[in-house]
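The chains carry the letters A, B and C, assigned in the order they are written, with residues numbered from 1 in each.
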Amino acid sequence: MTQSIIELNQVSKTYSTERIETVALHGVDLEVQAGEMLSIMGPSGCGKSTLLNLIGLLDEPTEGDIALFGETIRNHSDKRMASLRNDAIGFVFQSFHLIPDLRVVDNVEIPLLYRNLGGKERRKLALEALERVGLSSRVNHFPTQLSGGQQQRVAIARAIVGRPKIILADEPTGNLDSHMGDEIMQILTGLNADIGTTVVMVTHDREKAERTGRIVRIFDGQLVH
Amino acid sequence: MFKHLFKMIWNRKRENALVLIELVTAFLVIFFIAAEAAHNWWLYRQPLGFEYQDTYEIRIGGLAGDWSEQDGESLHQVLGAVRSHDLVEWAHVAHMGPFRNWQWTSDVTHDGRVVDSMFNQFTDGAPQDLGVELVEGRWFDETDAANPDRVVLINERLRAQLFGDENPIGVDIRNRSEHTENPEIGYRVIGVFRDFRQRGELAELRNYTIGRFPIEDKEQRALTMLVKVQPGLDAGIEEDLQSLIQGIARNWVVTVTSLESLKRIQNREVILPLTVAGLVAGFLLLMVAFGLFGVLWQNVTRRTDELGLRRAVGATRHRIYRQIVGEILVLALLAVAAGSLIGIQFPMLGTFSALNWQSAIEALLVGGALISALCLVCALYPAWLASKRSPADALHYE
Amino acid sequence: MFKNYLVTAYKVLLRRKFFSFVNLFGIAITLAVLTVIVTMLQNYVKPIGAESRSPHFLAVRNVRLTNEERTSSSTWNAGYRFLERHVLNLETPDMIGFYSSGSEGTVFIDGTKLSPTVVRTDANFWKILDYEFISGRPIQADDETEGRTVAVLNESMQSEIFGDQDAVGRRFTLNGRPFEVVGVVEDEPEMRMHSSGEIWVPHSSTADQNYRNEWIGGFTALLYAEDPNRLPIIRDEFVDGLAYFEYDDPEQYQRVESTADTKFEMLVRDFMNSRFEEDSKAGLFLLAMFGAMIAFMFLPTINLINLNISRILERASEIGVRKAFGAPTTALVAQFLVENLVLSLLGGVIGFFLGVAFLNLIEASGLIAYANFEIDLVVFGAALFMMIIFGLISGVYPALKMARMHPVAALRRA
């Protein structure tokens, strides 16, 4: 028995500046079931990242509805959106986005900062997450002291430390060589298989996409079936 | 190119507005201090009007009560004794000595015009001995003791204000003072002198009137004597003079001070606060410089892609360098222009004596030069940093 | 949570050494200057040294005689006759003392001239003020009534005139007349308005006694009460008594104006030029001082705002990540404010010690004779308070700007 965890209904997104309007997404319908692993593919500039940002509640659609866990997100306050992101979603970015001023373990703790957790509890969870990505030996390094693959593993640890139901990964292997990319893919598929985390991944690498259960193609702001 | 720079600045007006405010404030700080300094420097270069070397001020104090005829008698004896001292060149009585921060002022009127003027009185021959330069007419002398008119000389400044092109010699002017029992006393002008800047080298130029001290009137209270001695003597002469005078007039308390030391103390009172203000402003400017440097550095890093693009479409390193430096210089120019607009309000309104047109313009120049130099220095390193990047590098950053 | 803000603040501080240095430099210099000014003003009015009992007395100094039309007037400090008629006969004070404003005296020592500040006092002056005697005794009632030529010296004058020896019992020549030293006190800073001086003699030790006929002279009277709460009663009695003014020549002056003030009021009256007004304008004075300080902080504040804003983009990635992982705007504003406050407070502490160093430099330079600044927790507290204001003002705008950044934009721009 599966349940629809992410549901997009006729979602459009338009970016407007003073002079021009750019349509990034146009009338997108999408349903993702809990425990699914899904790739979004398409050429660059087609709206993949916009779609991911909308699912991640980092941005709001111009038209249409987005529902997470059956709850439609509309006119939520900044606080409410923030806490939804905090609880339900973990992000992995192409360029890692680790905070250079913080040590690895402090970087991983970030999502827990915005929950009411004690310092010891946070540390424990962060170390667990790092163990899961195989980086227990690097907890006190600064991000700049790590290789790209290691940095991305830290970013995944950060994404999973809060035990979110959904992980959104935006070209997670885009900045890595194929060997490191494989490692990252293994971790992501492992997460999906072991604890049933829903993974939505943007990529333009066909080989990587084929390792996921479903591929959604997007072209010029619209889904191609 | 210039227009292009303006466009860049305008398109980032929000960030630039704050930098601009900072520069304008810094400019105004420099402006006020520079105006004050410029004005004092100008005052310092104006002729003092008299000589003070090897001259001592002797203050007659301790007479809390009235001046008696007995004191007048003592004054004559003291003057005689001091003048016959071997090392003394001359000795005179004055109402007030120079380089002290007190003054006697009152309104002087002539032909409906009212201006205020400082007053002082000297015994016969004192202005000549002090080296005050006579421009017109004559000095007073002992023959004026019998003169029914009270005679005075005025400085050129007062002459210009009160008489314009008229001949002042022989004209009666009136003195209005609320502190005298006779509200209006007439004085006959017998001469004009260059100037006598009683309150020293850094005091404002003032109108000045010198009257005759009537030494023959024993009931006339004397406050100060001026004594010139031979050059090159030490403090021993001060002790000599003091004990000589104290020996004759036992009820007086006499203090002897050299005019040179009084002048030093008085100048210090002006220069010290100015120095302190200058130091504080220096620190503030250093802080602004560091801050500006940080902002520019940050901006250059942020604009890597823009600069990379410029390089890619063919801008030379030198062009990039010039652009960064040019932008901040245009900003400096704007700040100086805005600051100047605020700054010139002061001489226009005439609120600060130190801020007349001349000192304001000098201060504008100093302030403008300093702000431009500061901006230039702060921009050099970030601009060099920006121009050094290869276009490929810069574009890859994104 | 707060602890985490502090940790981040500390780390940011260490990682960005140049920016930290620039910020700390600006804040520290600003606060150092403010500390110096506040300490100097505060030392002027606070009860310390020989003036430790100043909360117990009022001072009468300025006197103005005028005619009814106020067209003619005579103004300076109180004369002896004024003291006799309007001050010494007051009933409410527990003790009344007086002294003359210092005048320059002359002492010759081996061909060099000293110009000490000479103060003439009565005997009660020494009971109201609390000088620290190194040796000897103060000026006493019989010195005053008999007009003896005795003197109290401060420590520096003692060593200038007599070298290292104890001066009590020895003689020296002041303004050409012989005086005997009866006591030596510790140096009092020049800026203490009542107790400063270098040589003190009985007011009656002058060669002639004409000053006793003067309405306007150089005297200041101190009206002392055991119980400070009774000072308003003393002030009322003094002010009421001014109505019964009778000048020697009733044709010339018909009115007298004067005030009885605390040290602070006296300072304010000099600054605000309100010497004869009923209200000393103390409130306005404090407001003006506060305004001046804020104005002085303007440039450093703008500087810090500029630096903070230019750093927003450097930290865009951090902002984006924090937002993506669920940081609400308020948490981010709080974080950046705490960072700025930590910086401000650190700069404040450095600035405070820098200010103390400046004050020591001023003391050592001798610009203010016998300067000896006491720096207390009030100044430190005020400094801290100013820095918190500073930190908030310079932090709020950049913090809001940072926290409001759109997460998508923040992540893309990094």
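The rule is short, and it goes like this: a contact is a pair of C-beta atoms (placed from the backbone, for glycine too) under 8 Å apart; a residue touches a chain by one contact, two chains touch by 3 or more.
Here the structure is a predicted model, which means the values were calculated and not measured.
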Could you compare the number of C-beta pairs in contact for A-C with that for B-C and name the larger?
B-C
What chain is most central when centres are computed from CA atoms?
C
For chain A and chain B, what's the span in angstrom between their mean Cα positions?
71
Report the inter-centroid distance (CA atoms only) between chain A and chain C in whole Å.
63
Determine the centre-to-centre distance between chain B and chain C, using the mean Cα coordinates as centres, and give it in whole Å.
28
Residues of chain B touching chain C in their complex?
15, 18-19, 21-22, 25-26, 29, 61-66, 178-179, 234-236, 238-239, 242-243, 246-247, 250-257, 272, 280, 283-284, 286-288, 290-295, 298-299, 301-302
Report the residues of chain A in contact with chain C in the complex, numbered from low to high.
53, 56, 58-59, 78-79, 82-87, 89-91, 93, 95, 97-102, 106, 110-111, 113-114, 119, 158, 162
Chain A partner contacts - residues on chain C that touch it in the complex:
1, 3-4, 7-8, 11-12, 15-16, 317-318, 320-331, 406-408, 411, 414
Chain B-facing residues of chain C, complex
18-19, 21-22, 25-26, 29, 33, 71-74, 103-106, 108, 111-113, 115, 175-176, 206-208, 210-211, 213-214, 217, 298-300, 302-307, 309-311, 313-314, 367
